[in-house]
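In the two complexes that follow, subunit A is the common piece, with subunit B as its partner first and subunit C second.
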Partner chain A sequence: MSGKLYGIMAQFDSPGAVLHAAGKVRDAGYHRWDVFSPFPIYGLDKVMGLKNSLVGWVSLLMGGCAFMSVVGLIWFSNAFDYPLLVGGKPMFSVPMTFVPAYIMLIMGGAVGALIGMLALNQLPRLHHPLLDKKHFELASRDKFILVIGATDKKFCVKETKQLLEAIGGVHVEIVEDID
Partner chain B sequence: MSEPALNLEELKRLAPPAELRRAPVVEGGPDLGALTDKLSEFAEGKTPRWWWVLFLPAAFAATVIFPTCLFYQVFTGVGVWGNNHPVMWGLDIVNFIWWVGVAHAGTLISALLFLTRQHWRTSIGRMAEAMTVFSVMMAGLYPAIHVGRAWFDWFMFPVPNSNGLWPQFKSPLMWDVFAVNTYMMVSMLFWFMGMIPDFAVLRDRATTRVRKIIFTFLAMGWTGSARHWHNYEKAYVVLSGLCTLLVFTVSSIVGLDFCTSQIAGWHATIFPLYFVIGAVFCGFGMVLVILIPLRKWCGLENIITKSHIDKLAKLTLVSGLIIDYIYLMEFFIAWYSGDPYEKWVFGHRLFGQTYMYLGWALIIINVLVTQLLWFKKIRANLVLLFIIGVLINCGMWCERFVIVVGSLYQDFLPANWGKYLPTIWDVGLYIGTLGAFFMLYLLFVKFLPMIAISEVKGATLQADPHHPLGGSKGGQS
Partner chain C sequence: MTMSLHPEKTHLPLLDLSKWCKLPAVLMVVGGLLSVVGLAISPTEFGFSWLLAFMFYYSIALGALFLVMVHHLTDAGWSVGIRRFCEHLASLLFPWLAILFLPIAIFAKHIYSWLQESPATNNLIAAKLPVFTYSGFIIASAIFFGIWWLLTSQLSRWSLKQDETGAAECTYKMRFYSGWGIVAFALTLSASGVLWMKALQYQWFSAMYGVYFFSGCAWIGLATVYVIGVILLRQGVLSAVLKENYFYFIGVLLLAFTLFSSYTEFAQYFVVWNANMPTETFWYLIRENGNWWWLSMILIAGKFFVPFFVLLPVSVKTNFKVIIPVCVLIWAMHAADLAFNIFPALHNDGYPLKWIWLPVGCLMFMGGFLGKVFLKKFNSHPPFPQRDPRLLEAMGVNANVVNDLVDAKGGVR
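What follows is the complex of A and B.
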């Protein structure tokens, strides 16, 4: 039952404690670590040095594409492929395309936001090494779990474990990726 | 340079007096674990009797009355309804607008109140979103069968076909197809995305294998990683912004269906706004109708607090007042325009023999009953609020009827006048959609996380890393 080493996890009792601990881990020079919590913790992004999420751009891109393709569709269908004269109005004019195009911008933007979020998070996935750990179930309840990944350059089972214990983590455990 | 440590006692001393403090999102201050238990209790526990008592009639309406009326109409033709010349838009369109309206308050609560950082919305947002999703489904059905030949519905979509036919994009009716479908799709996405972390909660709590498998699939591997939350929150903001746009777009386009026509009583620039506000008002009525009993029966009094209901009632009042202003303007403009047809239509809304009772019902409910919400005592009386919620839904239904039928039955030529009475198939279909709505809603309440677990937890003081209850030691980190 031994697999690839994934990392070391430690449990904290409050968002304040884990935020404090996250600062210490960062100061110790680690880069590949993460915090798992039942809700987003205010201020953690800053400690982890996370840049503005790309989701907004994915959404804008998909929304923009949807907008432009509806404008194109209306031109193609009502003015080019089957010109349709309605009330003596021009076959095609940009303002007239606005409403359907705008509606589809919303649609594209929304789909883009969801897909962008899932893609950037590398979801959906049905398995995660942490989900095998009994204690990890509490991360969706009331506990906060800090994990330092084995791929980190500074990672060393003994030292990392000591660090996590020193900054107040309990149930410090080694996580293995069993496949 | 750390600031002096703040402890709880000191915070209490520094806090403003009780009457100035913001009401807590969750009353009783339970710890996060107990809160999780409480919030997932209903979806995990035994089905209570009241649920069956409500579910069975709703399911009967949804699975017997609804398909019967639907299939009879589709196989026979729209002639089974009361719609006929000159009233070509009858209960089908009335109910369409009504259902779209019910949906709007859900989006407004979940999206607009999120953007304005109203934390109290976390407790009711999910239930309001579910209301949106199910009522848009009901709304979307009506235009699809109102066209008469439902098997030609695909004509409304830009599908390449051998006849070379395309939709006519200059018509607001065409925009409506896009608007309603987008609304349904986007509100479902928003609803579903909000539930992903809560599916993970239910997955981690699952005691049976079946539950574990189902929620594992639904949660899609959500772990609650800070990096994931970071993207998730961004996506949530973006979706909220887009949904807020939809609140103001969908009913506006429904309003455009009316105001681009030449019919007296419809041909008014105020219509898009009128329909949006009417929709929101009607939806708040429905939120009150749904929330007040459920908070009691599901034991959620500490989560959906009286203060939240009070705020909802205030929002209902605000939207009601805007509606009242629009009524006033409508009558004023009809008189001020000097147009005899306009004057005739509006005169007949209140004094025409055929439908005057509906006109007065809407005035009494939407104008007079709404004013009761000014009083704090009435906003605190849940039974009264429930009744007001039901009345608002009836009032708004009357309004839709008066607008749709009231303008059509007597237009420019007296030779062209007629009457409209719904038939049993009109009424049956409406009952069927009501049944389907409540059936879906009850299933949602029973099997899915009906309160946004992670959002509510995130809105408590225990979740604030800079508050002593959230583990802050003051001045550090």
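What follows is the complex of A and C.
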């Protein structure tokens, strides 16, 4: 029953307690850690120092590419490869490309948001080390779990464990990634 | 959990604007002189410039009225803090903007070409006959201002009454006026935009014009509300009821209306471009002459690309140093957009820049005058609704927590 060290988890009883603990963990200088809660806690993202997700940029990039590709397609098919005169309009002009390109911008943006979200979440996956822990189930019921990852530069089994106990965590447990 | 939402702002000194208190009077004097000189040189040029300035402030007041009515219709909590000064902005519509409309009514013959032509020889005028006479124009304008008077005076009256009584009845009354008011608002706004602005070139048709004018009104209204909100926050007047995320909400609406107003403007252009009918394309062809072409390029960049991409990131919407310049850009672009609609009817071949001082003078005069009226209104009433049922919510006090606390002490309410 031993595997790669994943991190240390601690359980808290109230949103207030986990919010307080999150502030302490942030002040202690940890970066790779997370809080699991049955419901959203107002202000937690600010206490944790979370920045906005990068998904928006992926969405913008994909949307922009989709937009430009439709403009390019219309230019290529209507003005370059097989010039076609429709209703006395120019072979290529910006207003005529706008509607289909705009539709594809929305499409590209939506797909970009989906792909970006899955990539940043590292989803889908079959299993997660935290799911081995019995107490972790309570994070979807009435308890609040704070996990500090072993990949954090400041991580040290003894000190991190002491910190979590000092800030009021119960059931402080080492989580291992068992293959 | 009691985190300060804007820790950096609490350290800033309160904004002191006492040096600027003479600004409205200065604007009035300088702008008034320029307007009178313009009127003496050319009544037509003056009429068009006055119309531009009038439509500019008219759209700000309408945008504010829209926000007040949407606040009541959606039963919003956050916008309680901004509602009072929005009511003041909206009630500029009557009588103040109606007074400023008088020069347009007097010089209508110099502004609207259809008043100089005979319906007997012009079918396009004959088809619009009940309205397209001087008396029809005056009656229609009077009806518009009558509706604005009814809506703004009642919404302000019940709001102020609630400050004294705190009665729920006032909220219901304001909802009643907003309920039918939003329909009357849509119809009156569209009709006034069409009659006062689009009818400058009555030969043209666009079903999009009402929506397009509305989107501009809401857009510039939001920009104005954002700036006034920031000033009042920094002066400490509204710091109890304005939270950082409320500015985020206004910022989100500002982004939405940046998109919406560009969308309506593009849709109007696209339909005309696609149908390619001479009876419609002439309107845009005139606007490709001379410097109108450059103004249209500036509008594409300044009305859409710059504000859209600046407002897009999440965090920027509460960054006053970025949004205030964007709001100033929105004012400039809305004025330019109105000029793009109004002036080509007079100057087909491009705007003669030697006249630029006249619309600027009219804008200065009206800005000073309406600014004075607004400040007087604002100073003679409480700065935000004092006993609105949603006030605690707007102040960031969780009503459930309050109820729990009260119950724990023995159910005292």
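Going forward, the second predicted complex is superposed on the first by the 169 of 179 C-alpha atoms of A that agree within 3 Å, B and C clash if a C-alpha of one lies under 4 Å from a C-alpha of the other, contacts with A are read in each partner's own complex, and residues count from 1 in each chain.
Quick note on the criterion: a residue touches a chain if its C-beta (ideal position, glycine included) is under 8 Å from a C-beta of that chain, and two chains touch if they have at least 3 such contacts.
Please read all numbers here as calculations on a predicted model, not as lab measurements.
Contact with neither subunit B nor subunit C is seen for A:Gly169 once the two complexes are overlaid on the shared chain. Applying the stated contact rule after C-alpha superposition, one finds that A:Gly56 touches each of subunit B and subunit C.
After overlaying the two complexes on the shared chain, residue contacts for A:Gly88 are found with subunit C alone; subunit B is out of touch. Counting the residues of subunit A touched by each of subunit B and subunit C gives the higher count for B.
Shared-chain residue A:Leu19: touches subunit B and subunit C both. In the superposition on chain A, A:Gly7 makes contact with neither subunit B nor subunit C. Of the two partner chains placed around the shared chain by superposition, subunit B and subunit C are both touched by A:Val99.
In the superposition on chain A, A:Val47 contacts both subunit B and subunit C. Taken together, the two complexes place residues 16, 19, 42-43, 47, 52, 56, 87, 89, 99 of subunit A in contact with subunit B and also with subunit C. Per the touch definition, subunit B reaches subunit A in the complex via residues 31-33, 35-36, 158, 164-172, 174-175, 178-179, 182, 185-186, 189-190, 192-193, 197, 200-201, 203-205, 216-217, 220-235, 238-239, 242-243, 245-246, 249, 253, 453-455, 457-458, 462-467, 470-473, 476-477. Here subunit A touches subunit B in the complex through residues 13-20, 23, 34-45, 47-48, 50, 52-56, 59, 63, 73-74, 77-78, 81-82, 84, 86-87, 89, 96-97, 99-100, 102-104, 106-107, 109-111, 113-114, 116-118, 120-121, 123-128, 130-131, 136-142, going by the rule given at the top. Partner subunit A is touched in their complex by these residues of subunit C: 1, 3, 266, 269-270, 273-274, 276, 312-315. Subunit A meets subunit C in the complex at residues 16, 19, 42-43, 46-47, 52, 56, 60, 87-89, 95, 98-99.
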